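Each structure below appears as structure tokens.
Both of the next two complexes hold chain A, though its partner changes from chain B to chain C.
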Partner chain A sequence: MIMTPQDYIAALPLGIVAVTAFLVLLIEAFRDGSVRVTSWLTALGLAAAFFVAMTRVFGAAPGTAFFGMYATGAFPDLMTAVFCVSGILTVLLSSAYLGKEHLVQGEYYAVLLSAVAGMIMMAAAADLVFFFLGLELMSIAFYILAGFARGRLMSNEAGLKYFLLGAFSTGFLLYGIALVYGATGRTAISAIPSHSLALAHSPVFVVGLALVLVGLLFKVAAFPFHMWAPDVYEGAPTTVSGFMATGGKAAAFSGFLLIFSPLALNALPTLSDVISLIAAASMILGNIVAVSQTSIKRMLAYSSIAHAGYILAGVVAGNRMGAEGVIFYLAAYTLMNIGAFGVVSILESGDGTGVTYDECAGLSRRAPVLSGLMAVFMFSLTGIPPFAGFFGKYYVFAGAIGGGYTWLAIIGVLMSVVSASYYLRLVVLMYFKEGTERNSSVSVPAASLAALVIAAIGLLGLGLFPSLLLQLTAWCF
Partner chain B sequence: MTPDTLLTLAVATLLLPLCGFVLMIFFGKRLPRQGDWLSTSVIAVSLGMAVVILAAKIGSYGGETLTLNFTWVDLHNVPLIGPLPIILGVAVDNLTAVMLVVVTLISTLVHLFSIGYMHGDIRYSRYFAYLGFFSFSMLMIVLANNLFLLYVGWELVGISSYLLIGHWYEKKSASNAAIKAFLVNRVGDFGFFLGIAMLFMTFHTFGLREIFEGIGAGRLPFESNWWLTAAGVLLFCGAVGKSAQFPLHVWLPDAMEGPTPVSALIHAATMVAAGVYLVARIFPLMTADALLVVAYIGAITAFISATIAITQNDIKKVLAYSTISQLGYMIMGLGVGAYSAGFFHLVTHAMFKAGLFLGSGSIIHAMHNALHHENDHATDAQDLRNMGGLRKAMPVTFWTFVVYTLAICGVPLTSGFLSKDEILAGTLAFGGMSGHVIIPVIGFLVAGLTAFYMFRVVILAFLGDHKDAARFSHLRESPMVMTIPLVVLAILSVFVFYSFNPFDASDSWIVRAVGRPDSVVPPSMAAPSTEAFEEAAHGLHGTAMLLSLSVAGIGVLFAFVTYYWRKINADAVASALGPAYRFLLNKWYFDEIYQAVIVNGTLALSRILRWFDGNIVDGLVNGTGWVTRGISSVSGMFDTYVVDGIVNLTGYLSGVGGLALRKFQTGRVQSYVIFAVLSVMVFYFVFRLI
Partner chain C sequence: MEQYIPIVIMIGVGAAAGIVFTNINRWIGPKRPSEEKLSTYESGMEPVRSARERFSVKFYLVAMLFIVFDVEIVFMYPWAVLFRQLGMFGFVEMVVFIAILLVGYIYILKKGALQWH
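Showing the complex of A and B:
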């Protein structure tokens, strides 16, 4: 077994991210006060991986490397690009935030890079074992990041909770993988569709897949495995919450698209029905509970459960349009959700307390630019054109209708209407209500502003010209 | 030049002003001279490219249409419709190429003129940014090969017009005029939108060529000829709003509250001509009935506004009504089937009317400065009655103004003579063929009225003596940056650029380049064919020329008799004709009627609806909101109390060895886990996966 240079070229984005992680760790270890260097190096490494991945998407044919372990082609590269964007935006938002919160930045960036490396491995997995490896790498990094504000009780609690539930869900996942292996004797992901046809009535295989499903549902925070999400997102440092809610969710959904591909789902209608129910329940629960939240961060946490439901609708559609819609949605969701969490991170006072709706009243007068950007993110999260969120919803719902799940699309549209009440309430408060703290102006650090502007421009660009991304997703399946 | 290069150039022409706008709106204020040079050079480069495009297009491609399409968004399988890729694009045919040059040329000259006119304005850089934004939007209308982009551009020019009319929004009248322009345009745009929607529902495409092909193949909206006529008329509604046609013409005179160069660019030469351009674009799908509507609307507009123009004393108001009247002329030309003539008049009118407005801007600028010198803030700088004798103080403005006036009156050797003669010959032919003789009668009548009111302006403003000697001594010719555009436009109002034969344009390059497209409507519904029409029009050129020259001559003569030699006392005539004069002075009472019927009617309706809203709808909404809030808090409580409670209980009862975990937590993590496990079991038993 000898690895060829082609193998390494195939995994180039992953290599860049991993090497950057090591470099950052070393620089951090041997030089004091090197935060500026490490943060910029992190952003640079992620940007390099992003460009390498993007250049390879168009026209790429699917294949494997590292002896059938590592998948190549348009899908892993496009997802890698999404993860890198999530990472870059988080890095840009983090340095000012961590400073404000008096957190030692130290290994933060190395851990963040490890998480991105794990995500890339998940999207590029051609084998269940490799997928599991990536998932663990990402998850362990997340446990550390969630508890990164060591001095704060909430953060500790978040880290520990996430760790305990994560470990629990890992058990499901691994047990499922073991059963699938036991039933088929193989762990290759590409073999799952054909086995699904042949073994649709084998208890071991179906239960195995169902347990894998549970493990993944935990990671995307879908009902009824969502209960950790509000506590963790609320307790973790805000930029980390944004990162987990976007990059982490996107990575888990790439697992969905790989393992529960349209072919496999069409062979297992019962499993599809389960997923569709879970999707509907996630949309309903996430949206309805989000309405009554007073903390923006907690609202975003519940809304992320709802978004997991929307995206699951695209997964369960079991067709190309739904699958492409999932990728589009994930890209849009990454931009708008990191943007929203980013605005919250800027507004936070630095003493660990969150931001409430009431505190945003009259914000447009104190921070016009920030309010404008937040309004863009809220409109996009609601799914109002011309922002990318609209087309994301369009494609997953239209895919669901095409796949015979019209009722799910109807629930999705109705729930989007409900979601408007809590997203747009914020816009109304910012623009049409008088604030109490009229004199305190909000200072927006340059790097954070850059991240938010990039996100907003991306949302507008993808909303006006969705074909820019759709012609890339067309190569993925 | 390859088609690709040409199309790339066209797209660059479109996008350059947009880039200029983005730079100007964000950084304009910080640039040296507030960035006026940036905006001006950007649009000048666009002009250069447009000229290259025109030369290459007419030179090497003849009547071909070059198209660049892209899939804007592929909606895949849409329920009830099927696969639906939305394909948008740009196309360059001769019509487009000519319009590109007209728009960028006028825009460049207006940019130059504005450097002088707007000097020292409080929002100088924003003004130039908006000019760039307008140019971009207008070029989008010109280049679009589909109704979607056309509509987007249509609304964007509406926005730019709104922003520029309200440039001095501190003035109540300016902000009111901006709102009025926007609202009145909405009325027309609503019809336009319905027309687009109807065609889209039928053909599942926005592409004009595809729609024409569909109609040509016998597919009609709702399978009916009648609805095809309706679609044409609805699309025409957009033109009625944008081109200020009766009954939606009321916004344009008020729009004169904007800076005068804006009036020249948007409200005389380009944006208001977009309606005419639209009718030219959709011409193939217009049935004979739809075209008849177009012709009558044009004729009525031309007549009403020409009569109003006679009585107005504000120089810009006269020009505004004159613009409406001339737009009516073009619309009428298209309606009667004189396609090339209508478009030709759009081009020539753009030059001389932009010139007239810039000339009036030059006058107003000078008047303002003179009044400012005297600290006189009571006298109206735009009132013709305060002018007179300006010829001596402002020779360049005077002579160029005379050239434009000759052009608009249709005096031989000017561009206006050529295009007007073509339209009038067309109306004669139409009247002969269809029996609608009222249209040519109105056409000639308006020609006479135009000559009268335009020479009235020239005489009152420039000839005779100035009323106030002290003020006159302060009147100065405008600076070069303002007079150069005037001279350029005056030169472009001469026949030679359009036709080498000064008396007949039917063989000129421009008329041949924009030949009338073939109709695609079913033959029973179509207007007389191009050949039949041209044959009828051909023999009538001489008659039309003689008639139009005589009525114009009479108009000019009357103007001189009344206002120069003062043989007729205008005031005596006015008081003798009391009611009729007041009727015209008050613009046929359109504003008053609209106020009484539409505005007050809407207010009354809104009071009724408010009652309905407050008493019935609110009740429903509050009820729904109350229920939703209830469910939401119940769910929240369910999450915190019931689920946790049950689970805690289960956990407690089953005595899960949670001691180790309890040291870290308060018990909630276990509950989450157990809730998850229970759910898995429920799913397992409900679905019986195996």
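Showing the complex of A and C:
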């Protein structure tokens, strides 16, 4: 047993993020209150990890490092880039938001970096045990972040609720991993597709995979396991909600692509059918309940359940197009959803009450730039070209049709129409209604504005030139 | 069924050991009970009282931190036993592991989590 430098180079993005987390923690310990330094250091570390990951995506052949524990290649590096973008945008949005909410503490950034490290471990897992380690690192960081506003009851509730339910779902996942190990005799993730045909009728194997499925569905907030999402997203600090809904979801979906790979799903048609029903139910429930919400944060929470349904359609497709569509969708979703939560975080008054639809009436007069950006995010979330959200949906549904799930694609398109009613209602309110507060203008902090502009440009760029990202996703599978 | 006999014996010995060890002081030890001694956690807080009051988290904080370093020792025992076989690889890995915990230790030390007052 000997570790080579190649092993450490393979895990370089993870190393950068982890070391930055330790540095932030040490700076916080020795220089209490130097949050400006820690926030910039966090953004810098994430940017470095992003660039290292991106330079390696093109032309990378899949392999493993650390004795078959750590997967290398285009897929983990591309997902790492998505997580880092999610983290950077969250950091940029957080600095002003935390100040407004009186939550300024350096630990926030250390915990955020730990969550990103956990996400990278999930996407780069070649072994179920390693995957579980990453999932726990991410989840525990999320439990802390959800309850970060200690003085607010809603935030406490969010943290506790997420922790209790999350710990419970982790139990399912771990038991599933144990059963899969019992059936295949290996913990390597590659053992799942290679044993799927032979063990398709083994109860231990199928029940094990079903339990793993339950654990992952909880993390992406899909239909029967979605109950926590609205309360947690509403109670958690808004920037954290955006981070959990994008980075956390992307990490859990990279777990889906690894464990429920096309090869495994094609060998287990029953499991595919179950996932397709869950996808349909998530789309229907998320979209229909979102229509009746008055709080924008809650609306975004229900819509995130619906988006989990759309992305599951790409997973269940069981083909290349669906899998590449999932990555594209996750990248687009990260930009548009963090953007939407970011706008909400700027509009919030600082007393933790959130923003309602009515409060957005006439917003375009008070904050023209902010309203324009919000409109971009809403159009993209609805799936209107030329924004990236449209192409994400297109590839996911095209994959589902190719995989024989035409009915799922039809439900998806119909539910996208339903989603237009609550996304575009906000745009209508902002631009075509008179607001009650006519005089107070909204001040937009520079760093937050930068984050929103980056997200909007990214959405437009990926929407006009989807091939930019598709060239990279093509190397993933 | 024969291969289960050692397991049955193991369970029997384990149960007997558990029963004997938990009861041996009740059988042969002297008993001079006082109110303080009879409480569930002699050094901790009262187990039964109104939940609607403030209580100090220090006790739990120390207990939590103790577990972290307890687990560290649990990992170091098998490492120490296999130190020669693992060689440089094992040494580097353990240094990394301890360095990570050290960062946490410095953090809790500077934040005053170990100060009782």
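By our rule, the second predicted complex is superposed on the first by the 476 of 477 C-alpha atoms of A that agree within 3 Å, B and C clash if a C-alpha of one lies under 4 Å from a C-alpha of the other, contacts with A are read in each partner's own complex, and residues count from 1 in each chain.
Everything below uses one rule, namely that a residue touches a chain if its C-beta (ideal position, glycine included) is under 8 Å from a C-beta of that chain, and two chains touch if they have at least 3 such contacts.
Note that the structure is a prediction, hence the values are computed from the model and not measured.
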Inset, instruction - Once the structures are superposed on A, label A:30 by its partner contacts, choosing first (chain B), second (chain C), both or neither. - result: second
Inset, instruction - Return the chain, chain B or chain C, that is in touch with more residues of chain A. - result: B
Legend entry - chain B versus chain C as contact partner of A:432, first or second or both or neither: neither
Inset, instruction - Give one of first, second, both or neither to describe whether A:288 is in contact with chain B, with chain C, with both, or with none. - result: first
Inset, instruction - Look at A:8 in the shared chain and tell me whether it touches chain B only, chain C only, both, or neither; answer first, second, both or neither. - result: neither
Legend entry - Touching residues (chain side chain A, partner chain B) in the complex: 157, 160-161, 164-165, 168, 201, 203, 206-207, 210, 214, 218, 224-225, 227-228, 231, 270-271, 273-274, 285, 288-289, 291-292, 321, 391, 394-395, 398-399, 401-402, 418, 421, 465-467, 470
Legend entry - Sites on chain B touched by chain A in the complex: 70-79, 628-629, 631-633, 635-636, 639, 661, 664-665, 668-669, 671-673, 675-676, 679-680, 683-684, 687, 689-690
Inset, instruction - Write out the stretch or stretches of chain C touching chain A in their complex. - result: 86, 89, 92-93, 100, 103-104, 106-107, 109-111
Inset, instruction - Within their complex, state which residues of chain A touch chain C. - result: 1-3, 22, 25-26, 28-30
